[in-house]
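The structure that follows is given in the form of structure tokens.
Chain IDs A, B and C follow the sequence of writing; residue 1 opens each chain.
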Amino acid sequence: MIWFANAFAWLADPAHYAGVNGIPVRLGQHVAYTGITLVIAAAVALPLGFLIGHTGKGRSLAVQVSGGLRSLPTLGLVIVLALLLGLGIGAPMIALVILAVPPVLAGAYSGVESVDPRVVDAARAVGMTGWQVLWRVEVPLGLPLVIGGLRSAALQAIATWTVAAVLPLGGLGRYIYDAIATYDYTEMFAGSVLVIVLALVVDGLFAVLQRLVVPRGVVAAGGAPAAVPA
Amino acid sequence: MRFRRKTSLAAVAAAGALVALVLAGCSTSNPTASPSSSAAAAKSSQEPIVVGSAAFPENEILAEIYAQALTGAGIPATTHLDIGQRPAYLKAMKEGSIDLVPEYSGNLLQFYNKDTTDKSSAGVFAALQKAIPSSLEVLPEAEAQDRDSYNVTKEFAKKYGLVSLGDLTKAPQPLIVGGNPELGQRPYGLPGLKSVYGVTSTLKPISDSGGPLTIKALQDGTIQVADIFTTTPAITQFVTLKDPKNMVLAQNIVPLIRKSKASAKVKSTLDAVSAKLTTKALIAMNGKSSGSAKESSAQIAKEWLSQEGLD
Amino acid sequence: MIWLQQNAGMLWGLTLVHAGLSIPPIILGFVVSLPLGWLAYRFRVPRHAKIAFGGVVLTAGGLLYAIPSLALFMVLPGILGTSILDPVNVEVALTLYAIALMVRTTADALASVEPDVRDSSKALGLSGWQSFWRVELPLAGGPLLAGLRVVSVSTVSLLSVAAVIGVNTLGYLFLDGLQRDFPLEVSVGIVGSVVVAAVFDAVLVLVGRLAMPWQKALRESRLTGVGEAAAS
């Protein structure tokens, strides 16, 4: 328990908030990396997932590919791409987007699929085209599950960017890896606490978002995050 | 009925596979130990000397060299490699699960005595003998050193006329220095550059101990000065800046051993190894590990020992 | 590749350790989450107590699952009192993740059993306990297995991160490969990890088929949307 006391002392020390290695900078980098990962993953996986959910085709392929991608060990993927593609943010970003795609994809197609087929039929009966059914009915009603997928992906990304700091990157993982080298257990612990707090805050924000996007009068499906924390 | 028989066979097979996996996983053998040393241990009835190592290739090679040299001299030895950081394997030594470890004189001294002022090889060794716990001892060190060194590209050195660390003040400050994150705090890191040579610098942390990423960064200009260890194969393409004021601690390879295992025969075997171990030899060995050959630590150790007539 | 041949022994050894360290969290996670999942399912609606106890369990699980693995490996020694480089930290962390995931799945799986079935059991004279073991749990088996397969893949994949704290499984190949500029070694580690995960998955599917021979008929006669959703 003394470790918590030491870690909080470390976190309370104003010296750790200044400079390039300060907490605001590292936190900002971590949030930025995660945000960019989500945006790219969403750009790739959301359209694909909506299509799969709407047409019903390609689902088993998507499940299998997702399962395969999910079994990739994050530390290995990040390192092998860095060795092949070199220094810089590019290699880990590619790795992280690859790992973030499965949960977003699953959220997208299960969100669309979760809409009551009778509602879809009614929409078609009213004369909506396929596109209109997708964008005006399926996506809005399936939004909680879609956001659930983004939530899983966000947690996954926060966790994996921490691990990715084995490479020369910024982010909160820097505290953990640098501390391993200097045997500074307090810094390791404090860095870990920061990562955990960030993860919980982001999780909470997404949970709130999931409730907010439920159209009035509809009971949310409340999807379980089925993705892997890295 | 046919289905029943198939399922019971399959059930037995699955259960058997699971049990085998669990048993295998529960075994305490270390997968990174070399096969030759375990075989040698099996032959003898004595307690083998357990040679530990830290988790990087050079230390693995050195541990293999010690273990194979001992085995060759008729002393049973096994390896327990890649234990992690210094506190971890020193703890293992205190507990007796490891007997011998290849260490670096300067870093080991600073671990026990943070504020040591001795910098030269001889000074560090003498101080080390007094600083280590009484149950351990250090045997005579090798000439080989795996020291931090500051390097610049040949072009950069030519441009500013750089030969030694003090010359860096001729280049525009602050200089971007690339190296392990701890360089920001170590006395031979950025603080030392300032206080000993008057050089102002900022750190770009690259967590690969002066490895491939650091070298690429120096080659493409992302950093101007790189902290590269003196036994890194790629160091030969750069200019290593001299350190006349001994800012960087000496880091001779020295066997750290538990006194209870340090018999006369063990000592003489290890002394013979240390006598022939040069920085150049280590550069070549590291080259075999990370270069195109990608030889295993055990192989590299074997080749060097036979080349030096120590097997 | 010559390197593969020469190092086959070491690679096989690392694979076995990797598999061996993956098994306890999966099994323990499953076993511990059965009663917890049942509790979460049973008490999910607030009755006499103001809070739904079940809801609390699920929320706790969700929060636990959100904690990044490397951070958890670091923080556990402070809580458990173990040394920071002890493999026990890794096993505990992986078990916690397995529980966190399986509790949710178990609760959902039990909830997916149709209420008619429960009524039928009561009508037949089965006690609550008998009904759970002989009727509800077997029927929830499909989604449970799907959740277990996710836990299995997750555990095998996460274990390699432990190499950072010196627990040498296939993850050792990643760090050694980084230090020696050896993408082949890293790739071999990746492939090895994926293969172990695939083997575990195949074993689980086999165990599922053996334990639940009725699943095949069920699958053919009814949509199994719940099972597939849990697996995705």
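One rule holds for everything that comes next: a residue touches a chain if its C-beta (ideal position, glycine included) is under 8 Å from a C-beta of that chain, and two chains touch if they have at least 3 such contacts.
These numbers come from a predicted model, not from an experiment.
Asks: Make each chain a node and each touching pair an edge, then name the shape: line, ring, star, complete, other.
Replies: complete
Asks: Tally the contacting C-beta pairs at the A-B interface and at the A-C interface, and name the larger one.
Replies: Between the chain pairs A-B and A-C, A-C carries more contacts.
Asks: Quick one: subunit A and subunit B, Cα centre-to-centre, how many Å?
Replies: For subunit A versus subunit B, the centre distance works out to 38 Å.
Asks: Can you check how far apart subunit A and subunit C are, centre to centre, with Cα atoms defining each centre and the answer in Å?
Replies: So the centre of subunit A lies 20 Å away from the centre of subunit C.
Asks: Among the residues of subunit C, pick out those that touch two or more other chains and give their numbers.
Replies: 165, 175, 178, 181-182
Asks: Do you know which subunit B residues sit against two or more other chains?
Replies: As it turns out, subunit B has residues touching two or more other chains at 85, 208, 212.
Asks: On subunit A, where are the residues touching two or more other chains?
Replies: 82-83, 166, 177, 180, in rising order.
Asks: Can you list the residues on subunit C that touch subunit A in the complex?
Replies: Residue positions touching the partner: 62-63, 65-72, 74-75, 77-79, 84, 97, 101, 104-105, 108, 150, 153-154, 156-158, 160-161, 163-165, 170-171, 173-175, 177-178, 181-183, 186-187, 189-190, 193-194, 197-198, 225, 228-232.
Asks: Help me check something: in the complex, which residues belonging to subunit B touch subunit C?
Replies: 7, 10-11, 14, 17-18, 21-22, 24-27, 29-32, 35, 55-57, 82-85, 88, 91, 208-209, 211-212, 289-290, 294, 296, 299
Asks: Which positions of subunit A touch subunit B when the two form their complex?
Replies: 20-21, 82-83, 86-87, 165-168, 174, 177-178, 180-183
Asks: Of all residues in subunit B, which touch subunit A in the complex?
Replies: Residues in contact with subunit A: 85-87, 180-182, 184-185, 202, 204-208, 212-213, 216-217, 222.
Asks: Quick check: in the complex, which residue numbers of subunit C touch subunit B?
Replies: Per the stated touch rule, the residues are 3, 6-7, 9-10, 12-14, 16-23, 83, 85, 165-166, 168, 172, 175-176, 178-182, 184-185, 203, 206-207, 209-210, 213.
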